[in-house]
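Per-chain numbering from 1; labels A, B, C, D and E assigned in written order.
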Amino acid sequence: MELALPQMNFLTIMPETVLSVVAMALLLVNVLVKSEEKAYLGYLSLAGLVGALFAVPWGQKISGYEQMVLQDNFSSFFTVIFILCAALTILICDGYFKKEGCNHGELYPLILFATVGMMFMAKATDLMTVFLGLEVLSVALYILAGFNRDNVKSNEAGLKYFLLGAFSTGFLLYGMALIYGATGTTKIAKIAAMAAQNGAVSGNMMFLVGMLLMATGFSFKIAAAPFHMWTPDVYEGAPTPITAFMSAGPKAAGFAAFLRVFLIALPSLTVQWSDLLWILAVLTMTTGNIIALSQDNIKRMLAYSSIAHAGYALVGFTAHNASGVSGILFYLLSYTFMNIGAFAIITIIGKKGEANNNVQDYAGLGTKRPVLALCLAIFLFSLAGIPPTAGFIGKFYLFAGAVQEGYIWLAIIGVLNSAASVYYYLRVMVFMYMKNPEEDFSWVKLTPAVMLCILIAVAGVLIPGIIPNTVLNLAAISLP
Amino acid sequence: MDYILSLITFIPLAGVLLLLVMPRNNAMLRGVALGTSLVTFIASISLICEFKTIADYQFVENIPWIQAGSFQMNYHVGIDGISLWLVILTTFIMPIAILSTWTAVEEKVKEYMICLLLLQVGMLGAFISLDLFLFYIFWELMLIPMYFIIGIWGGKNRVYAAVKFFIYTMVGSLLMLIAIMYVYFKAGAGDFDITRFYSVGLDPATQTWLFLAFALAFAIKVPMFPLHTWLPDAHTEAPTAGSVILAAVLLKMGTYGFIRFAMPLFPDATARFTPLIATLAVIGIVYASLVAMMQEDVKKLVAYSSVAHLGFVVIGLFALNQQGIAGGMLQMINHGVSTGALFLIVGFIYERRHTRLISDFGGLSKQMPIFATIFMIVTFSSIGLPGTNGFVGEFLVLLGGFESTLRPWTIIASSGVILSAVYMLWMFQRVMFGELSNPKNQVLKDLNAREIVIMAPLVVMIFVMGIYPTPFIDKMNPSIDKLIAQTKRNQVAPVAAPAGGSAVPVAPAMPSPPLGGHAATGGDASHSDMPAGHPALPPGHPAGEAK
Amino acid sequence: MFDNVWLIPLFPLIGFLINGLLGKKIKNEAVIGGIGTLAIFGSFLVSCGILLEMISRAPENRVFEKVVFTWIHSGNFKADMAFLLDPLSCIMIMVVTGVGSLIHLYSIGYMHGEEGFYRFFAYLNLFCMSMLLLVLGSNMLVMFIGWEGVGLCSYLLIGYYFHKKSAGDAAKKAFVMNRVGDFGFLVGLFTLYWWLGENANVWTINFMEIKKASHFLPYGGVVTVATLCFFVGATGKSAQIPLFTWLPDAMEGPTPVSALIHAATMVTAGVYMIGRMSFVFIKSPDTMMVIAVVGAATAIFAATIGTAQNDIKRVLAYSTVSQLGFMFLAMGTGAFAAGIFHLMTHAFFKACLFLGSGSVIHAMHYALHHAHSHDDAQDMRNMGGLRKSMPITFITFLVSTIAIAGIPGFSGFFSKDEILWQAFSNPYHGGLNIILWGIGAIAACFTAFYMFRLVFMTFYGDCRISAKAKGHLHESPLVITIPLMVLGFLAAVGGYIGLPKLIGELFGGIPNYFELWLEPVFEMAQEYGHQYAQSGGHHNPALEWGLMGGSVLIALVGISIAFTMYVKNTDLPGKFTSTFPALHRAVYNKWYIDELYDFLFVNPCKALGNFLWKGFDVLIVDGMVNGVAAVVKGWSSAFRYSETGYVHNYAFVMAAGTVTILGYYIFR
Amino acid sequence: MLSLHHYLILSGILFSIGALGVLIRRNAIVIFMCVELMLNAVNLTFIAFSRYLGNIDGQIFVFFVMTVAAAEAAVGLALMIAFYKNRESIDVEDINLMKL
Amino acid sequence: MPEILFFSLVAGVAIISSILVVAMRNPINCALSLIMTFFCMATLYVMLDAPFMAATQVIVYAGAIMVLIVFVIMLLNMRTETSKNYVHGVLVSCIVAVLTLFVISGFLAKSPLTGATGNMTPELITKVGHTELIGQAMFTKFLLPFEVTSILLLVAIVGSVILAKRKL
């Protein structure tokens, strides 16, 4: 028996390859770099990310490795999100980890590996690749969440994330197994074909339950209620830059896989899963927003807000029409900017040991550091979905998608939720602008890297908010 | 001149950018802000000059903006007789507002001026938008600066007021957003041009819901009873300029929204909900007047009086005839001028005494004669004394209401005429008349030059509009005619043409209203007994077009 | 000349603007007063010119409309700033400008040295302008400007001494009461406009156009509604039941104000308005009845109160209310010309009386001031015997009192007698005629009584102020007495232009010039009136003579009672009050009407306002808003406990969620 | 005859027991072991399917699952050690610094 | 028939030992029970014609992973759980588990095997050899996942070092 190598299309995994190689190289370089100069690793990894960006074969649609992965606009779009997410995170890492005293060089490779995992999730066309990408991402995130190993909160975040993540992996996997059993394949295109050809498949309870279990698994990853419970704790405990990373990238990756699998592989169950997502969306938005109202810790508040945002994106998913899905893409991209932007500011406002992260600690920021406060305000307004920010445009598309499909009530619940969410975003602004400063924020150091990060984020929030054409069109042609 | 509207709208934005890069020199910052607003005002004067008295939108600019997916949003702006005056009002009030807190705001002057100018951008944008999406953007854009103005430079309870204002308004407008999307999808592929939406024949049931969504947003903004409670708080806590702008322009967004969007878009629903809306408006008038009467805080009193005044506007608009709408429009402008002036006045005494409680004052007339005179003029303008602007609007509103089906409502609303006199004069008496007993009041200084300069244009406007309102009304007449025709035609269309067989339109709950009064008898416009000098029916008259 | 009618309101406006804007800078009282007086005097001259021209024209050419500019034009509604000249408005402008000029002149003396002298003259000018707009307006809206304008000016003038709380209260009360009337006026206007437009396609508020279209109007029905609304307006302005209480309080203003506003001009607006729209009113017999009854009731009611007041101006105020009641009685019985005639004569003698009382107060004030006494300068109980120190004032005052009391030969007699006769003989009100006449006659008796009581208490007997003050009493300066003399003269002879036919026949058929003059204005009214008259006017000279004699007799009875009580037997009033203490208290306290209104309207309104604010607005409406927020926040703080921090709980929720989802899909 | 369903039901039971263990145990390591049990149940499903479908993909999947389990074990135990260093406990009751 | 008997035996042991995993108080006992379960699994794999997987199961799971776990248990010197604080939790969780069982068996009994069948018959497996088949697939069709697992393992190694190394 001879080994017939399959068609590989190395091009399809170019960005991942570049990043992996850079990451591995960094692991080696790390040994040579003194502990106070680990920032260089950051710059190198940024270079690697830029390289990966250039390695993306834009506009091509190539399947590779026996349909394990598919390079298309969808994956390119997400790749951009992931690279941006990683890059922005890396920009704020150095300062933070130096402050916390744990600037180990392994941080950067881990972020890059996590990014690789996310990229695989976005371009996976086989449940196996989805699973492995997810695991690469998860394992890296478990480590990153617990990265500040001398900080018990960080330990706790890592451990909690790990235990619950592993638990949810079980469900996801069980779902995949059942799908495999029902269709005899793990390739999403073939799954869809099987279900389309064979009524017995799509009518098979096993198929349905597999879908449901996978939905729960993905829901965990995107932090949809009731699988969201880990989010606040982990976000609060994880090092702030990592929280920023986790809130944007993996959520997007989760959505990428979720979308690809459900839209491509399971169109025969659309009725069932859109019903399910309807309920999940409502639960998620409401839970996130309601609980966020009474949070004092700003990281925790943003964690709940990120739950709520997953809910908004699920609204678009429920609609699963062109505007809904492209809305999700657009929204995830904007969310990356606004959330990492907000976290970047939180990172530098925070003191050593994750102190100074309460809303009250922001009193008077508007007076003492007006520019910083303005930027945070922009991010928060964008999160609240107020024009002219990208957050608004994204929400508009999501809800418009729902309205178009006749999910009026879903859209109404969504907007009511947005209105409620305004309260806690405004609360931060109340403290920033409307309270007298108690501290002078002299410890806040704006390194060029952080400044660059915030600047990019502000631009990423405002420019697509005012002239969203380009990004929207990109999103529109990037449907899975 | 093709881009005059954009120019006017975005001059303040240029001012904002300039302010951003300026050093923190308060005098310079104030100067630049004032200069910007003045330039805007002067530029807007050209609108009046160039405005042709026709029903069409003018100065139209239509530039594709967002084209993605199934959506097409345009930067589509233009004004007609209805929005013209609101634009002018906005540019007119702005320099006054900036001047009003010239000295009162000492902290964060830069941010303050930026907020004011940004607010202006939002307001102007909302008035000139002909694209629903664009309108919504500007509509929301207004919230942010106003929120900060109340929240940062406001009074003791400012945070509560600011947040309440923001969320309250947000809830309504978000529901409107859903309705906008729905209308868009109903209209089929295309852009968000409102004139396109005017001709979408929606079935009455759909209209009902959409109208409610729109009406909620606008009713909150107006504000109509029982959605008004954000207003007293917001007004009381806001700095003077904030109150002035809030009263003069922001509240008009609600009524403007009704007339520009809710009514022509959903004619059947408008007909059906007219009684409800009118009832709320009337309750608002009487209720707010009674509540205003008992207020202890001058600013709160004025705030409640706003609710009552806006009730008149709503009645006028929903009368849906020439007089009613013209009156409503005039009343909007009047209210902007008079209530704006009242807030300025409250601001003056607050700046001097740092209290707004009526009981802390008394006998100020003796100490501040110029102030007393101006205050009195403004008070009477607010009461609606003939010869001042308030009267013309109020009278036309009531006349229009009386001619329409809203007659019973109008009669009750007319009693607001009495009540407004009661609460305004009682307040005036307690503040200005009586013994000058409080020693703190005995050292008050009369208005200074700046304050007189602020008030002068308003006082002039009070009389100009009261004595010679013709140019105002004339310019808006064709647009109003068109609007009425538009709304009326659609009201009958689904009944007349039961297209699709299954269309059993829910008949409007009201008998087909003889709005416009003589529409029923308008056929024989050349009645022999028509006295000489009686105005001939205007060309675009509904009676003529309905046939 | 007619074309220049716009000058009439313009002059006072100019005067107002000059004094109002620059008065503070001018400071010189003579200049300010001069400007004010000249402004209105200029109007008077123009009015004279118009009167002369009108006399020279044929009766059918006496109507003229002058459009100055279009004020409001919206759709089918058009209101011009336009003036209407006809015999009626001609009389009115003569009265307003004439009496107004005299009062202005008087004010120069009376207000000498007052703080805000310029303000006063500005207001007076503004007032005259408003009144002139009111009478000249060719449509209801211009009339309404004046209508509200006089309300405003009365507010300003009554509140002239704004530092006095009572003045402020009175001013506010006046304005609000007037506003109640204005509300009626507006609704009436709307009704008429809408009905005529809707049913006759005559969209107009122009008086002449309405007159032309009045044949469309039905009898009763909507016209009753409209006219009743108008009448409410009239009661507000002319201080009739139930809206009269502001007028006595309005005496808080300086005395010339009382003379101008509350005697000669503003309060007659209601009468004038009914006269102006007689062609509409006549179409509603019910309204006419109401007007007559209200008029009669007011006449007697106010007269009773007048008998017990001690404040000299208050007596006059109630007298005014009572006299206005007479005028409304006349209007209500269709005797429009008689009503207007009484309006004119009343303007003369009441202005004279007020100015006379002002002169007295002025003198008293001066005297008391110099004697450092804090006695009330307006209280008649402090006066007495002033005829010696103030002869001119006394004589003019006496003449006017005789006139108002209805002694033959003086103007009041002719007009009042005409009214009483018409009330008795009018064809409209059937059995009510006698009662109306009876009430009128009794009111006339009261009038004679309290007016002479006033005279006797003030000018007769012994001076009741301290001797020290007495020495300072002296006659007022010429600038005050000249207007008094002119008005006294007019009060005496003004009635001769409207000689009753009966008397005219005695002197060789001198016609009633006044009625002839107004005939074109009211002819239509007359015509309509006869359409529903049960019987034609039963003109019986003997009866008329009898009634005339009766009314004279009644007046004399009143005078003699006053003479008995206040000159001959001065302890009688005290005895009377001690015999009927309750009655006296009730009358003295104006039948507790103010208290009743407070109880019925003011206090409930305040309570309601307070409740709506604190009970409803804050608790319920805002409470609901905040309640929603609180509920959401409550949920929030409740739900946050779902985040227990325990991994197994989280896992449990996940598992439970999964099981629920699976269960739902498997077993549904 | 031994059928697929026997295996499936067995794996279902094992999965449930594993899940139950996650829910009720307090020791983090035991919880992790229960997770491993769940994964094993899934593995059994995969292999059973693979056998009855005549398709080897399921077995390959199991192979990867094992790798993942190993990786997770390494990371998870490292996390537990790190946590233990700070808190002297790996009882999940003690993993509750962050809540509400 | 004997197949079923054998299956029942193995399954019974697997279930009982897995219950013990959940029920034993001492973590070491749990670990040992788990190893027992893993062996049962390996047996079942053999029954399912997947000998290679059985071997891997024993080597990777029972060998590597469980050794690691036991090692850590020892390292952390853990005793039995001192108390079971959350009886209610146990109760509720048991209900949930029972429901889960109910749900799973409910649908599994109903669902047929509908997937596309392949050519990997037991005969082929015996003929070619399981290991070879797996190896072939792994390095051809499943090359990419295989490579990805290497990254995964690298990450895991780096992570464990970072997290657990005494001194960095």
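In this text, a residue touches a chain if its C-beta (ideal position, glycine included) is under 8 Å from a C-beta of that chain, and two chains touch if they have at least 3 such contacts.
Keep in mind the model is a prediction, meaning the values are calculated, not measured.
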| item | value |
| --- | --- |
| Partner chains shared by subunit D and subunit E (touch criterion as defined above) | A, C |
| For subunit B and subunit D, chains touching each | A, C |
| Most distant chain from subunit B, judged by the mean position of its C-alpha atoms | E |
| Pair exhibiting more inter-chain C-beta contacts, C-E or A-E | A-E |
| Per-chain CA centroid nearest to the all-protein CA mean | B |
| Centre-to-centre distance between subunit D and subunit A (centres being mean Cα positions), rounded to whole Å | 25 |
| Interchain centroid distance [CA atoms averaged], subunit A/subunit B, Å | 44 |
| Interchain centroid distance [CA atoms averaged], subunit B/subunit C, Å | 37 |
| Subunit C and subunit D: spacing of chain centres that average the CA atoms, whole Å | 96 |
| Where subunit A touches two or more other chains, by residue | 128, 132, 135, 139, 142-143, 146, 149, 158, 160, 163, 167, 180-181, 184-185, 205, 209, 232-233, 420, 423 |
| Residues within subunit B bordering two or more other chains | 167 |
| Residue list for subunit E, restricted to those that touch at least two other chains | 86, 89, 93, 96, 100, 107-108, 113, 115-118, 141-142, 145, 149, 152, 155-156, 159, 161-163 |
| Touch relationships between chains, expressed as pairs | A-B, A-C, A-D, A-E, B-C, C-D, C-E, D-E |
| Contact footprint of subunit C on subunit E as seen in their complex | 86, 89, 92-93, 96, 99-100, 103, 106-107 |
| Sites on subunit A touched by subunit D in the complex | 127-128, 131-132, 135, 139, 142-143, 146, 149-150, 152-153, 155-160, 162-163, 166-167, 169-170, 173-174, 176-178, 180-181, 184-186, 232-233, 236-237, 300 |
| Touching residues (chain side subunit B, partner subunit C) in the complex | 164, 167-168, 225-226, 228-230, 287, 290-295, 321-323, 326-327, 363, 365-366, 369, 380, 385-387, 391-392, 395-396, 398-399, 402-403, 407, 410-411, 414-415, 417-418, 421-422, 425-426, 429, 432-436, 467-470, 473-474, 477, 514, 516-518, 520-521, 524-525, 527, 529-531, 533-535, 537-538, 541 |
| Residues of subunit D defined as touching subunit A within the complex | 8, 15, 18-19, 22, 28, 31-32, 35, 38-39, 41-42, 45-46, 49, 53, 55, 57-58, 60-61, 64-65, 68, 71-72, 75-76, 78-80, 82-83, 85-87, 90, 92, 95-99 |
| Subunit E - residues contacting subunit A, complex | 107-108, 110-118, 128, 132, 136, 139-145, 148-149, 151-152, 154-156, 158-159, 161-163, 168 |
